[in-house]
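What follows is a set of structures for review.
After this come two complexes, each holding chain A, first together with chain B and then together with chain C.
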Partner chain A sequence: MPSLTIDGKAVDVPVGTTIINAAEKIGIEIPRYCYHKHLSVAGNCRMCLVEVEKFPKLQTACSTVVTDGMVVRTDTEKVRKAVTGVLEFLLINHPIDCPICDQAGECELQNYYMKFGLHKSRFALEDKVRKKKVQDIGGQIVLDAERCILCSRCVRFLEEVTGTRELQFFRRGDHSEISVFPGRPLNNNYTGNLADICPVGALTSKDFRFKCRVWFLKAFPSVCTGCARGCNVEAFFKGDILYRYKPRVNEAVNRAWMCDFGRLEYKKANNARLLVPFVREDGREKMMSWGGLLPQVAYRLKDAVEREGPDAAAVIASPQSSNEELYLVRRIASDLLGTKNLAFTSRVPGDGFSDGFLIRGDKNPNSRGAQLLRIPGGPAFDELVVKIAAGKVRALLLFGDVLGDLTQEETAGLLSMVPFVAQAGTNEGPVSAVATAVLPIASVAERGGTFTNHAGRVQRFHAGFPPRGKAKDTIGFLTSLANRLGAGWAFDGEASVFRALAATEGPFAGMSYESIGSLGQEAKG
Partner chain B sequence: MSVAFSDAGRKEFERLLARYPEKEAVILPALHLVQKEFGYVSDEAIVYIAGLLSVAPAQIEGVATFYTMYNRKPVGKYHVQVCRNLSCSLMGAEHLIGHLSRKLGIEPGETTPDGKFTLSEVECLGSCGTAPVMQVNDEYHENLTEESIDAVLDGLP
Partner chain C sequence: METVLTTHFADERYRFIDTYRGFGGYEALRKAISMPRDAIVEEVRKANLRGRGGAGFPAGVKWGFLPKDMSRPRVLVVNADEGEPGTFKDRRIMSRAPHLLVEGLAIACYALTIHKAYIYIRGEFVREAGILDEAVSEAYASGFLGKDILGSGFDLDVTVHRGAGAYICGEETSTLNSLEGKRGWPRLKPPFPATIGAFGLPTIVNNVETLSDVPWIITHGGERFAALGCEKNGGTRLVGVSGPVQRPGIYELPADVNLRHVIYDVAGGLRDGKKLKAVIPGGSSTPVLRADEIDVNFDIESMAKLGTMAGTSGVIVIPEGTCMVRALRVLMNFYAHESCGQCTPCREGTGWLRKVVGRIEAGEGRPRDIELILDLCDNMMGRTICALADAAAMPAQSFLWKFREEFDRHIRDRKCPYGNRF
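And then the complex of A and B:
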């Protein structure tokens, strides 16, 4: 292991480490534009210049591999002057239109300029090379060519990650410009990442631009619910509105990326939400309080069991629910109602597209969790549907907003066979359009818990803000319901449920929120 | 509009393909071939060779626009390419370009209405020792003055 000193601090790093990463290890951030941890090293921006003892010239920290006994300085006058000079060159043709730039507030050009900049331009505004602004180049991206600092991160991403190579540099010298070939817009499912990796405001998100200045947003760690990959995300919000997802680095799951579908999943927490409990009587919707509705739901389930036996009641679980929720749902069905009618399905309307990279065919975050918690899936769901269609189910507790891949009509037809259907869901959809009782529950941004991804990795998501409207945290709702069915549970939040689950469910044995941490932990089996 | 190499062009292309270890390396000679066959490098021609090489059209565009030797637009009978790089600029290239502009009645990048001349500014022609330099089609003209430029152009059929 070579050991070296950087700004007087000693550090040991594995052979092959570059100066920029060695510095990061001891908390020294060397400025960079072209360097990105998840892309190849280009060494073209010259922002990372440092002094290395015995080298006559400054070295690029991103591409210089450390050697034993190396003495590096990042804080000398010589370095400062060089970086200031590099910035001045980069800014010669930059429009400096931060007031109308969506990157402002999270722009590396702004940040480094405040640190190293000249603060007085030696170039006349009218001499700047003008390039085309506000170009829709396809996917989720808008290009402002004159803000580009030619770092080539986007080019490398499209070469090394998607292999689609839509963006390239055209022309040369100060006429160099990033663009797509005419008629060949971005054409891959990961374009949103370009806005994340572009260090400046050249590539910005069509969906997010001008929605909110970034300094008004707060963020919390979450997990994408768009498919079984469970990409780790950072969810940005203001008040009770989500504004965007950005990928959160997790080398074992999504590295630094996420897909374009998942990136828009946040909208489900904002739009067409179920926000008040209601019942449907003679085709009319009647708003209810939780206090009024919950006893009714408990009563109808119990009544069906008492009158016609446990299999007159049924529970359809959802792979959109957390492990904690699914565990409680199973216990309600098996232990309290005593019914054998418990099932879930991973099927959803749509094509089940997958790509061998991140996107999985299963469009749910927690099918694996449901399996590991022994909730019957697959054929069990189809059998339950047959029973329902035959009119054998008198009271149904249903989680989720859709019923497998059934259409609106099929859902309505099937559920009309059950006298009492209570739905616990987050969004309006085919189920809420016909359910007898609708219980609005917290969105993924409003509650916490864990999902188990396709590979068995248990990952935590967190509540960013309290549930909107009258929506309720599912753990609280399930506990009250169970207690009305005679359970005597004292669960208080998802952590307490996870402790109980880890104590009894083999695949989760020995796990805790601490051991899962922010990057997840593999379940057994 | 679809483009395709002639039989001879296609054969030459196959020969190039076999000669380089990587497809990307064929982009340069393939563009020369395009120019020889079609006179200039059209969008269609870029898409065509991108298809032949299985690379993205944007990669070819990047190469084609980096080098001034490739014409992305049709050029006149005589392509007057004046070096504007360092040595030539120090030796007065800017004035010579101005002179050519006035003489031909066109700006750099334009073609005379009769289709006889196209004027272009290009990067270093590798003849800095005899700057300022211009290239007319495949001929170099060195140590230029306004008078020698006049003599060259006026002497062209």
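And then the complex of A and C:
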């Protein structure tokens, strides 16, 4: 293991480590634009120049591999002048249109200017090279060529990660710019990442453009619910509105990326939400209070069991629910109602597109969790549908906003066979259009818990803000319902449920929120 | 004086293989393949042959950088992308004596066990590319290239590849990228081409003139070649003299020839009774010398002592009556146009220099512009992947240091004292 000193601080690092990473290890941040941990080293921005003893010239910290006994300095006058010089060069042809730039507030040109620059401009304004602004280059991205500092991160991303190579450099010298080839816009499912990796405001997100200044946003760690990959995300919100997802680095799951579909998943927490409990009587919706509706749901389920036996009640679980929720749902079905009619399906309307990279065919975040918690899936769901269609189910408790891959008409047709359908869902959809009782529950941004991804990795998501409207945290709602069915539960929040679950469910044995941490933990089996 | 390269340049048929062979051409190759490979490399090392592309790196040492391990095929790339303003020596070799290059590269390939060579020739050299193509075909037809060369069992395939018109593609790692069909951007080093070069293979990149010296070295021995030059640089050099001299052209001269002798005797001095004002000694990127500084030997070390470089030995003669600000503007336009745009200091710095020097010449200079230029040069030099930023900054600095009063006068008088005449 080579040991070296950086600014007088000693550090030991594995063979092959570069100076920039060795410095990071001891808390010294070397400024960089082109360097990105998940891309190849380009060494072209020249921002990370450092002094290395015995080298006459300054060296790029991103590309220089450390050697034993190396003496590195990042704090000398020579380095400072070089870094300030590079920053000045980057800014001369930059439009400095921060007031109308979405990147403002999270822009590395702004950050490093405050840290290393603070120089007065020596450049004649009329000499600025003008380039084309506001170019729709396809995907989720708008390009502003003037703001671009030509760091090549985007070009490398499209070469090394997606392999689609839509962006390239055109022209030379200070007229250099990145662009797509004529008639060949961005054409991959990961374009949103370009806005994330762009250190400046050259590549911005069409979806987020002009929506909110970033300093008004707060963030919390979450997990994308768009498919079974469970990409780790940072969810940004203001008030009770989500504004965007950005990938959160998790080498084992999504590295630093996420797909374009997942990136827009946040909208489900904002739009077409179920916010008030209601019942449907004679085709008319009647708003209810939780206190008024919950006893009805409990009564109708119990009533069906008491009159026609346990199998007159049925529960359809959702792979959109958390492990904690699914555990409680199973216990309600099996222990309290005693019905064998419990099932879930991973099928959803749509094509189930997958790409062998991040996007999984299963569009649910927790199908694996449902399996590990022994909720019957696959044929069990189809059998339950047959039973429902045959009119054998008198009361149905249904989780989620869709019923497998059934169309709106099929859903309506099937559910018309059940005298009482209670839906616990987050969004308006085919089920809420026909359910007898609708129980609005908290979105993924408003509640916490864990999902188990396709590979069996248990990952936590967190509540960023309280449930909107009259929506209710699922665990609270399930506990109240169970207690009305005679359970006597005393769960208080998802953590208490997870403790109970880990104590009895083999695959989760020995796990805790602490051991899962922020990056997840593999379940057994 | 004994000449290595230009001996038969006057013979227009020397570019054809029959004439070339009539003067003993390809005998060096025949001799080389009878020698142990190491002995050839040793001969080149003894010749004290330094690269003629401008940097002057010892050729024998460079050849030694190839990995010993032979598991990967190796490649030779001939850098024929001669683009440095003021430099036109390789062009002369390729048009007058293409077989010198072909024979030299064949010997090098044999010595280094290379079976594939590319001649990367500047795109604008349309005529020379044609001549080279023909020479290569002739060499194939005569069994000096291709399979089983001269019955030795050694195979060598040569491809002439034309560039697409970028100065930067003469930088050896850009050459390799361009050859691979990529954008001509210099590569970050390490890895060096000798380890990972063209198509990821160990690669030697040599200049045209360097390889053209090799047949003579093999025929006459390295020591004799070394003796033609000076202590630190063996052999002769092709010196190109341009500007208003009596006899502009290419001259083969000892590596340590006196610079005044080159201009006043070899090239016949200035035309029309003009007086000398300045000399750019080794191609446009080398720092300029004042007229009183040229009584000096033109070898690499003597030039370095003067703060300039022998470079490609393209001597640009500048007469009295030339506006040095305008001359620098021409150079700055060139470098701003040719910067590849990869590294920040070069991309932005060359463009900025062009604008500042341009406005001084236009009579719109600002009082602090000279300090600004010097500071920009300081922020560019040694801060980039390749040497183009230095190549732009060195002339800018030296023009200011040596002709400062002209720049001051432009700014003070708010006009060019030389008027609009060039």
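Criterion: the second predicted complex is superposed on the first by the 524 of 525 C-alpha atoms of A that agree within 3 Å, B and C clash if a C-alpha of one lies under 4 Å from a C-alpha of the other, contacts with A are read in each partner's own complex, and residues count from 1 in each chain.
Heads up, the rule we're going with is that a contact is a pair of C-beta atoms (placed from the backbone, for glycine too) under 8 Å apart; a residue touches a chain by one contact, two chains touch by 3 or more.
Worth saying up front: this structure is predicted, and the values here are computed from it rather than measured.
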item	value
Chain A as common anchor, with chain B and chain C clashing or fitting	clash
Partner chain in contact with A:180 - chain B first, chain C second, else both or neither	first
Partner chain in contact with A:93 - chain B first, chain C second, else both or neither	second
Touching partner for A:258 - first (chain B), second (chain C), both, neither	neither
First (chain B), second (chain C), both or neither touched by A:142	neither
Touched partner set for A:166, first chain B, second chain C, both or neither	first
Contacts of A:47 with chain B and chain C, given as first, second, both or neither	second
First, second, both or neither for A:301, with chain B first and chain C second	neither
Comparison of chain B and chain C by chain A residues contacted	C
Overlap of chain C and chain B interfaces on chain A (superposed complexes)	168-169, 171-173
Residue ranges of chain A in contact with chain B within the complex	164-173, 179-184
Chain A residues touching chain C - in the complex, by the definition given at the top	41-47, 49, 56-58, 60, 63, 81-82, 85-86, 88-90, 92-93, 122-124, 127, 129, 149-150, 168-169, 171-176
In the complex, chain C residues that touch chain A	166, 168, 183, 188, 336-345, 347-352, 355, 359, 368, 372, 378-379, 382-385
Complex contacts: residues of chain B adjacent to chain A	43, 46, 55-59, 61-62, 65-66, 123
